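Both complexes shown next keep chain A, but they swap its partner, so chain B is in the first and chain C is in the second.
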Partner chain A sequence: MSGGGPPRKRNFKIELFKHRVELDPKYAERTWKVLEHAIHEIYNHNASGLSFEELYRSAYNMVLHKYGEKLYDGLESTMTWRLKEISKSIEAAQGGLFLEELNTKWMDHNKALQMIRDILMYMDRTYVPQSRRTPVHELGLNLWRDHIIHSPMIHSRLLDTLLDLIHRERMGEMINRGLMRSITKMLMDLGAAVYQDDFEKPFLEVTASFYSGESQEFIECCDCGNYLKKSERRLNEEMERVSHYLDAGTEAKITSVVEKEMIANHMHRLVHMENSGLVNMLVDDKYDDLARMYNLFRRVSDGLSTIRDVMTSYLRETGKQLVTDPERLKDPVEFVQRLLNEKDKHDKIINVAFGNDKTFQNALNSSFEYFINLNNRSPEFISLYVDDKLRKGLKGATEEDVEVILDKVMMLFRYLQEKDVFEKYYKQHLAKRLLSGKTVSDDAERSMIVKLKTECGYQFTSKLEGMFTDMKTSQDTMIDFYAKKSEELGDGPTLDVHILTTGSWPTQPCPPCNLPTEILTICDKFRTYYLGTHNGRRLTWQTNMGTADIKATFGKGQKHELNVSTYQMCVLMLFNSTDGLTYKDIEQDTAIPASDLKRCLQSLACVKGKNVLRKEPMSKDISEDDTFYFNDKFTSKLVKVKIGTVVAQKESEPEKQETRQRVEEDRKPQIEAAIVRIMKSRRVLDHNSIVAEVTKQLQARFMPNPVVIKKRIESLIEREFLERDKADRKLYRYLA
Partner chain B sequence: MVDHFNSSDVFFSVGGETFHAHRALLAARSPVFKALLLGSDSTAEACITLNDIEPATFQALLHFMYTDDFPPGAHSSSPDSSDDTEMLHRLLAAAHEYMLDGLKLMCARKLEESLSVETVARTLGYAQMCGCSELKSKCLDFFTAKKNIRAAVTEGYLWLWHNFPSVIQEIKVIWALEDLQI
Partner chain C sequence: MLGKGEAPGHQTPAHLHKDDGDDDAPSGVVKLISAEGFEFVVDKKAAMVSNTLRNMLTSPGGFSETREGEVRFPEISTPILEKICQYFYWSLHYSSGKETSEFQIEPEITLELMMAANYLDT
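Our next item is the complex of A and B:
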């Protein structure tokens, strides 16, 4: 205490009063009573008459003077008492008012709790943590939970009311969503466990049985498309419900319930539904339905794989029918076009409805690969298709159109397992196109070669490119020939020679036929010229591949220019010296092989509009007893008449066998080369591994037959490239 | 800002004196004022009467809330001025009640610096009441230092003896220990 100085005003009484530790218990009780009264007033909506400052101080003093426990216990019992009263009033509410009453009282309670917490702030911050008791706000929530929500009279009624409202909304009624929102939020505020146990779990169960029933009902009376529409609608509805008045965490749970009941449980029945299932949708290009199915099924496990499997077996089945239907196989170009159309159709489906899903693309590809190779004429037919396009089909098409079509053909090409067969036919057909000059566009031809090169490598196309080179070189040669020898040649027939390098072109051995004298002369002159500038080469005339343009004058003086094959020219020239000849005469004079001769005569005498020869008897087929006469009475509207037969067409059965045989022969050395390559690097290897490795190396060109591989190995053993291991017969060793 | 009448939206009547203030600022500085001024039980009344606090103390409180500092001239140069010490005691108690921890700390430090034989007992009591453990332990050290034995015969000690028996016990224990050491 300091001395001196004027007496200070000091409010002794207040100070001592305030800071006395040993507070009169009666004072404490009085203070508590003030606070208790305030709590009641707050719940009675009479808070406006209270002074926060005073109440705060009262509570502060109690705690300061070590009466925290009394204060807390008093709070707890007062609040409990009030909540029990509230519970009664809620229970008493009738029908629809029950939920509203609950909600209103909850709002009131929250507001009251807030005020009480403010007043008891000091206790909350000091006494509560020190004594490890529940903070005021949490206490208020727990008491609400225990005495209202879990009160037996209210608990089940609340759940039933909520579920009933949701059911009604599902059946089309409008309900008070704001109220629902408020109630579910209340449950969440009381703790996630309360929300889940007292609402969410039963809600999910009820939902499951609701949709179990509804899905059963729908599937009996709806077709697949409509069922899916309804399912989609219900799914969206449930998600919307969550966003409006349920907790966000429920969304994943509810959608999985709906997915299970409506989709997963009925997946197979839907996909296979007669007249409306997946296959029907594919056939009819129902993009919307397909997209809907895709989006719904991807939500459930195995959903997409189910669709994929059904689609794959449908494709394989349809494809198989396509390639084995004898009707379809009559026209190769139509056949391939049909394949391309199927591919386009399903590409579009996958693009538009299945979101370009790669796994579906793969399924499509593997299906096509499967059935295209079921027919071993596929390589030939695809080549014929290209031939048709390059010969006339692409006439007038823009560069882009050309690229598009060729790219599509390449897609089919990729599916072929026997690419070497394709190569053989492509060469044949290309040769005919080049030699007859019948190609729509040089650029298109080149473009195709480039695509094949990109796909299969330089080896595949080097000979094809050689063919183009030969054509160009020949052109240059002819220009030079005529430049140098024009005086010598004078007025004879004009010659146009294509010089073909033997390795590049698909030439068949050709027995020479007897050319007319005029032709022979000029041919010899050319031979001399050429061998003069190219030492050491050998020239052989391919009389089965040439063409000729002949000027012919008929009975009434009509002049026509006939475009014919070399063989046909030989035959026709005979009629310059006589009017009639027997088959045997012609055969002898021309030395043309029988089958070729028959075909040649058929096109000269038996085809309407092209019958420059008359045959007796007038039958359709050529027999060796027939006689032929120059047809004076031949007429044609065209001045230039085409009678040539050098057009690429589907091979006859014997031709086909021949080609196939040649292909098999060509494969043998390729297989052997592969075996040697492998054994050289691996030194020792067992039989099965060799077969696997050889297949891997060659599969870009063709699928080697294991039996053939075995034979080749044996042949290599005989020729001492390999040996069998003494101990293990299945093991082979490389002999250096 | 405390003296600005303009833009203030509440005033306090304390012991007959009037103080203007801004709700938002007070609410930002003290949770108790926040509940009082902005809470759901707050009053929209323009004037709030505060009992149980002296005008000078309230003024210092306000000044702190606006400036983070003691009012100018609140502490004189002589550390022994018990007027100042009393003021600090009251300010400390007010800061504790209105939950202004920054002010509490400042008061505690000031009190630490100005411990004297006359004031240590009271300061010790306030430290105990307001939960200032550092201040309390400094006071105990001071109290039980031999040269400060006269502190035991002050009025403050009597006050301490009446209101904080637990603290008296603590002092006795320390003395006993010291006796043993001698």
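Our next item is the complex of A and C:
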């Protein structure tokens, strides 16, 4: 109680009052006897007759009269004596009662200790800090530790009992968890060191050997999935055990022991287990098992990388088989679809079982990148897949579906190293679609272009976009042409011209064939009209790319509308004036290149149900000695007959070579441009750095070959863009 | 600092602010008996301002004080004990912010009061 200030200011000292000390020489002894008696009574559960105030006052006076030390020592020896008694009674407890007895006595001691501390509070408050002795409560715990827990008769027995109980629980027995909880709590109360040294350490050792044995047994007789299930259960059991009756700090230690024994030590064996290992799980989409494996393995170091490595090599292996299987190469659409399915499958696994782990996604991506580029036809096939989808595959699909499919294709596209090859093919396929009017959805086409543009930049798609512009302009031009010239044209055939900007389209110069006179007339009119409105332009007819609708009347007077290519139209028109023609005649009259002519004749004469021509002799292939006749007996249920050209949808070997070559050719200026850009900013650079920089700049489109880069550098030196440094031949300088 | 303002009245502290005595936890009252046998009935909550009394009233094992609800102080005289009881209530109010004035102590009892304070760990 302080004067007037707040009650917390209390650190003043009380002077002793000499006059109050009525010194009876026996005083200390007498007072201590009272207290000693009280301590014994407390341990005997007999405290109700005692007066707290009296005991407190006695202790107070003893301390006040400088008998603190006597009081403290007396307390210590009295308590020690009591604890030795207690220790005897615990040692005497039989079998299962041992722990019970220990626990009961511990509770008693605790309670007594608290009462003793309360009555000796004044000593605790003044004498103990002054003379630097252990506070009463702690003293009581220390004495308990030294005389009970570390008593030779109890120490090992206690440990054995605890470990035995835990072992029995692991084997499925029910044990008294409450008692376990109290005992471990006691050890903790005695100090973390007591808990760790006298229980935790041996416990962890026993656990390690237990699980080392058990895991050995499991791995011999279980498949991977079951083993993982068992490990997971054990791990959960141990964690549960900790939460029920061990100290929370033990959890990390015990789980790491179990992880090491059950998982880390058998990791490789598990992953590679025959018929049930990781690869089998992947193949069979075992999401639960995979998720379990992921969650267990992530607990140990290198666990996830082990899974990842095995998964990667599996993906690469299967992917490699997929892209190099000659059977698969026959159907590009199917080929790409399989790639997509494979990707979807593993995406789902990573999503469902591996928690969308970024590192796994990266592993998946790099695997795909690896094997897709193993097959140099992948760019072509992916473009063919898009072609197929945009021609017919998307019919009836909603806008969202289309987007989904295109996004998936883009994902594959991203894996491609030779993006320029893809561009080349895509351009060809797009041109065919546009010119034949086969594209199903303009929106889908544009959406694809936008995607390519965001992926690769403006440059990549500018020509593709040019193609769309050409289509639009052509349409407008044709409307205008017919509006202005319709009276001149009369009843002749209708012409629909697509004006294609050279360069934007994958056209190849090809000699025009001889068009029938009817067509030639209107063509000439159009030419005059077009060149009249657009000065200084040149028109060339790409007869190899057009189509025609012609009406034909057959033997019994039935009329059909035939949808054919321009070449086929030219051939058919010849039969207006004659019934039979030899191959040579046709070739001469039309001037169609031989390979195209053969293909077009084949589709006119050899396809069942569409054979508007008859060939002699009958055979599957066209030879140069064949003769062709108009097939009077042609019948068809349909009024409109579409006669497709026998198209080699997939490129044939020579065409492939040719495209390849064109791609290589196109790369040259790009590489040169890159070199010049780099040298312009660096002025001087050594060879390897140039190669590295060029590769970096161009890898979004393709992987330039270092040999090619070297050749380009040489060519640039020849043309005096660069020179070799005079002193150091490895260095190049830029010549402005 | 001491003895400022008017001296406190002579009412029994137990009846001071009886209205807000049963706020929470330690419910009930306890009887404090001075050396001369005067009894002061105070709320347990107030008595527990003293750590000694707190221990006395909460100690397990059933000391006679806990059972009978009364504590004898053979060494504390009536005026001092009365002052102490007043202090208990003052302290309660002060710590809860209801009281801001100083606690007044008459100089003549200061010494004895402090002795008691030390004893009671207040």
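The criterion applied here is as follows: the second predicted complex is superposed on the first by the 710 of 736 C-alpha atoms of A that agree within 3 Å, B and C clash if a C-alpha of one lies under 4 Å from a C-alpha of the other, contacts with A are read in each partner's own complex, and residues count from 1 in each chain.
Going forward, a residue touches a chain if its C-beta (ideal position, glycine included) is under 8 Å from a C-beta of that chain, and two chains touch if they have at least 3 such contacts.
Computed from a prediction, not measured in an experiment: that's the story for all the values here.
Enquirer: Is A:Val708 touching anything from chain B or chain C once the two structures are fitted on A? First, second, both or neither.
Expert: neither
Enquirer: For A:Ala47 in the superposed arrangement: first (chain B), second (chain C), both or neither?
Expert: both
Enquirer: So, does A:Val352 touch the first partner chain B, the second partner chain C, both, or neither?
Expert: Touch status of A:Val352: no partner.
Enquirer: With both complexes overlaid on chain A, does A:Lys111 touch chain B (first), chain C (second), both or neither?
Expert: Once the two structures are laid over each other on A, A:Lys111 reaches both partners.
Enquirer: Both chain B and chain C contact which residues of chain A?
Expert: 1-2, 5, 14, 42, 47, 50-53, 56-57, 60, 111, 114-115, 118-119, 121-122, 125
Enquirer: Using the touch definition up top, name the residues of chain C that touch chain A in the complex.
Expert: Per the stated touch rule, the residues are 1-2, 4, 49, 51-52, 55-56, 59-67, 71-75, 84, 87, 91, 94-95, 102-105, 110, 113-122.
Enquirer: Can you list the residues on chain B that touch chain A in the complex?
Expert: Per the touch definition, chain B meets chain A at residues 31-32, 35-36, 39-43, 48-52, 54, 81-83, 93, 97, 99, 118, 125, 129, 131, 154-156, 162-165.
Enquirer: Chain C touches which residues of chain A in the complex?
Expert: Residues in contact with chain C: 1-7, 12, 14, 17, 42, 45, 47-53, 56-57, 60, 111-112, 114-115, 118-119, 121-122, 125.
Enquirer: Quick check: in the complex, which residue numbers of chain A touch chain B?
Expert: Of all residues in chain A, those touching chain B are 1-2, 5, 8, 11, 14, 18-22, 42, 47, 50-54, 56-57, 60, 64, 111, 114-115, 118-119, 121-122, 125-126.
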